[in-house]
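Quick heads-up: structures coming right below.
Look at the two complexes coming up: chain A is in both, with chain B in one and chain C in the other.
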Partner chain A sequence: MSQAIISPHIPDLDLITVYAQRQDTWFSGVSPWTKFAGLFLIVLLVTLTKNLLVCISLYVVVLLVYAASDLPVRKLFSWYLIPVLFVLSLVGIMAWTEPGVPLFTLDLGIFPLTLTDAGAMLVVTLLLKALISVTYSLFFLMTTRYQYFSAMISRIFPSPLDQIFLMAYRFLFLTLSMIGAMMKAIRSRGGGIVRSLRVQGRIFAEVFALVFIRSFDRAERVSRAMISRGYQGKLEAATDIPRPGLSGYGTIAVSLMAIVLIASFVPDQWGLVW
Partner chain B sequence: MAHVHLQDGSFSLFWVVVWWAAALVLIGVSLLILRSRKTDQKKITVAAFCTAAAFAVFQVSIPIFGGVHLTLTPLIGILTGPLTGSLVVLIVNILSAAIGHGGYGLIGANTLINIVEVSVGYAVFRLSKPLMPGLFPRAGIATVLGLLCGNVAMILIILVSGIQGVSQDMSAVLGGLSLIAAINMGVAVVEAFITGLIIAYIGKVRPDMLGSGGP
Partner chain C sequence: MVIVRRDPASPHCPPLDRERELIHVDCASHTYADGSVGIHNMCFSVLRNEIVVLCGPNGSGKSTLIEHLNGLLTPSQGEIWVGGRSITKGERTDLWKEVGVVFQRSDDQLFAPTVLDDVMFGPLNLGLTRPEAHAAAISALEAVGAADLVSKIPGYLSGGQKRLVSIAGVLAMRPKIIVLDEPTSDLDPLHSDRIEKVIRTFKEEYGISVVIATHDLDLAARIADRVCLVKNGAVFAEGTPEEIFYNPELIEEAGLMLPHTVRIYLEFCATGGIEPTDHPVRLEELIVSLQRRSCDSSR
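Right, the complex of A and B next:
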């Protein structure tokens, strides 16, 4: 069952997996380690720069890479809702008290709210940074096969964290399918209609409680089945992850140098923060 | 739930590294203790299913107050304890960052906040058993207190780190954060109610899941 039944604004893991396994674009053939390094470098750059032009350019580049990978752009825009809401929920409030040149004022009767140029710039810059990171993250997820992810998790995280992570990722699809089926059942019986906190709370509490109880039941069954097949607390992901080629190392090195240069020499409205 | 509702680029590199390091230290301590106790395979499997359930539940928007999402971190603490719970919240935060719910650079800060929620939720639920035998009020109060402490941790982390590009003084930032915290605590009441019902339901159907904190 598609995760879209739960919420159309949250990235659908089933759809992401379909694209990841498809592997028919040039970017799918790029080493997962190169793409992982790219994620690290992008997070580093958006952390270091506050230059709006750098943010706009980086967003355009990441979006073009995403589109060139034949990934669904319209879906991406609908998935932006949650990160946008996250930024606006905090910075959207702070923008109204940021000192600067007033752009317009909202008179609320008790006190006026003034949006300044610095406040608007703050929101735009942080929104762009959020979208850069989200777009690249989804590109990474949608162009990298599951077996490579599991092998990377196995190599990066210590035990038993890697075991929990690997199993959780596998169980996630089962659990999402289970919760999706329950949500469908609730909606088909009118449970999606807004009623009192007590009624609504009880319905969803029972769904969530069932999810946890069934998860525990499954965990016990899976655990017994795994132990009977020789599981001793170590689940190895033996897949060989393609290493970055010369061009991969070159891209990483050039990108790192570019970030250092941008962080050192590109001026911006507020200056760069180290 | 409390969460640093910010994305990558909001904190300076220094504070990203500081919060990541602090979270990794706590995770490292949890791992060391769990390893020294020779965690059985079943506990690992249960933790994995709990991680998947927590992440899946977070995806559901409940049609109350225009739609709220719950992370159920105190519930994770009550069900798995603070050690395994800290690993669970780290993985949930990584998965959440992967789909755009919180930045990768903010995973450290968010994990710290969630560890506070998990630990306080667990401690209050266990310690208040002699005073309050009923599962519903005990889980509800544990959730409210866990999320309250999580909110305080969130405010402190943002006040200490500052937000890049924000030039207003600390009192103005605190004003904005207090508004967010007030909204979060409104959601916390909903989460406490739902967690109370979940724990009461689990107490009836599978009391063994609650261990010594059960009925």
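Right, the complex of A and C next:
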């Protein structure tokens, strides 16, 4: 079912959806609203805390939850590449300007670059925060049936954002399958995206231009099919989402209190020994 | 009924049957933005409680005509009447409520996150409440035998399942007419057979008129009450399947090939030196004819 079309480092939408529909672990039975609240609370905690130990602990917990849901851990690490590059591109420069105890100095001739303990901690903390958010988001997506997820989007987001999402998701599938078919056609005739990128750059540019043109063409056909059934600007998600049980509300309340306590009483540098 | 031959150069387009006519197309032309002509002097009618099949080769104008029937396209010149009122004069803007279209590519038709959402889409647009739309969707899915797909994601369905769900999406709106563009193309024989049975139930159980565009004359032979041959954007001949398919010159003129049943029967008669007096088009008719002819020749 799953096929990494372009790179194993890009999250595979098909695979994510297959896991989401599987629904055979305990976490799949948890109310989508509870899991969504969990996402909100995790984002809140990583925003409030700067403590490395808290971040490490939270990452370990989230990773264990992910693994306990029988989700592919090795693939998760492979998917980390993009968020890691994203974080490093942002804090890679900032890390060298942080004041603190110097760890090592890079002499560039014109001016020396010094990495301090605070700079290194900034990189590690931000990386952990990003990975926590990514891991939990993937856990949420891969344990929540797509119809619940789309219905939540429909309830939470205002129009036209919900409309855009509801239509874009299906369209994304179609576009990915179109790209997949083209990649197969290229590979079947000896082409390859890495091996041939330099040599066949023009061909690939043409292929991707074709994907865009076909996408527009397909969008027009989809639009006509919608109009033929009376589309007047409103697409609704019909599924009823299971509400959280008492234990769900309890978990959310306890987690919220824990976050308030951590944010209030755990110092930013607590537990660090350099 | 006798074969009605139309001169594509003639603008004359009388109603076929005033009493039973649901749609009357008198379209002098439809020209696309790039200048290509999709329809030229198209004269076409849909009657109450019939299955009419538009037969023509690729590019003959079938799909363009289909989009006219639902109001997606309007004639550059000419008029279309639905229920006696003209859609080109702006008297009708809600044609989609009466004429449902099942498009050739199901992937273009199924856009909602789940099968249920997709089938409920039309009923909700009709103004039904959510429980009513839900009931209509479930009923339509049951009618096409796809109730087990209700919570599936359209992207993961097989081609045949997608086609069934597309049909359910239109059936849930309970239109007076359902138009299907190449309903069995790209399907395996079992799914084709299932789709054919579903189409028959439209007419027999729901009293819905059906328009099918296809170049599969075997399908037309099995299912049609009336066959219209389309060429160069116009219907140039129409009649019952027996009349049309036992006129090889017409089929050749349309750029098509005779249905297998007709070819087998004509070959059988030619080989045995028998005059083809019967006109079987469906398989069961062919068997009866062949048995009778075999008995005749053995006497």
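The rule is short, and it goes like this: the second predicted complex is superposed on the first by the 242 of 274 C-alpha atoms of A that agree within 3 Å, B and C clash if a C-alpha of one lies under 4 Å from a C-alpha of the other, contacts with A are read in each partner's own complex, and residues count from 1 in each chain.
To be clear about the criterion, a residue touches a chain if its C-beta (ideal position, glycine included) is under 8 Å from a C-beta of that chain, and two chains touch if they have at least 3 such contacts.
None of these values were measured; they are calculated from a predicted model.
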Looking at the overlay on chain A, is there a clash between chain B and chain C, or do the two fit?
fit
So, A:134: does it touch chain B (first), chain C (second), both, or neither?
first
Can A:257 be said to touch chain B (first), chain C (second), both, or neither?
neither
Looking at chain A, which partner touches more of its residues: chain C or chain B?
B
Using the superposition on chain A described above, determine whether A:236 touches chain B (first), chain C (second), both, or neither.
second
In the superposed arrangement, does A:94 touch chain B (first), chain C (second), both or neither?
first
Once the shared chain is lined up, is A:164 touching chain B (first), chain C (second), both, or neither of them?
first
In the superposed arrangement, does A:60 touch chain B (first), chain C (second), both or neither?
neither
In the overlay, answer first, second, both or neither for which of chain B and chain C A:175 touches.
first
Quick test of understanding: once the structures are aligned on A, what is the angle at the Cα centre of chain A formed with chain B and chain C, as a multiple of 10 degrees?
80
A:150 contacts which: chain B (first), chain C (second), both, neither?
second
Which holds for A:266: it touches chain B only (first), chain C only (second), both, or neither?
neither
Looking at chain B versus chain C in the superposed three-chain picture, what is their shortest Cα distance in Å?
9
Same chain A residues contacting chain B and chain C, which ones?
166-167, 169-171, 174, 218, 222, 226-227, 231-232
Touch list for chain A against partner chain C, complex:
17, 21, 145-147, 150, 166-167, 169-171, 173-174, 177, 218, 221-222, 224-232, 234-239
Within their complex, state which residues of chain A touch chain B.
3, 6-7, 10-11, 13, 39, 43-44, 46-50, 79-80, 82-83, 86-87, 89-91, 93-94, 97-99, 118, 121-122, 125-126, 129-130, 132-134, 137-138, 141, 158-161, 163-172, 174-176, 178-179, 183, 192-194, 197, 200-202, 204-209, 211-213, 215-216, 218-220, 222-223, 226-227, 231-233, 270, 273-274
What residues on chain C touch chain A, complex-wise?
67, 70, 72, 94, 96-97, 100-101, 103, 105, 107-114, 116-117, 120-122, 124-126, 130, 133-134, 137, 151, 153-156, 169-170, 173
Within their complex, state which residues of chain B touch chain A.
5-14, 16, 27, 31, 34-35, 39, 41-42, 44-53, 55-57, 59-64, 70, 72, 75, 79, 87-88, 90-91, 94-95, 97-105, 163-168, 172-173, 175-177, 179-180, 190, 193-198, 201-202, 205-206, 209
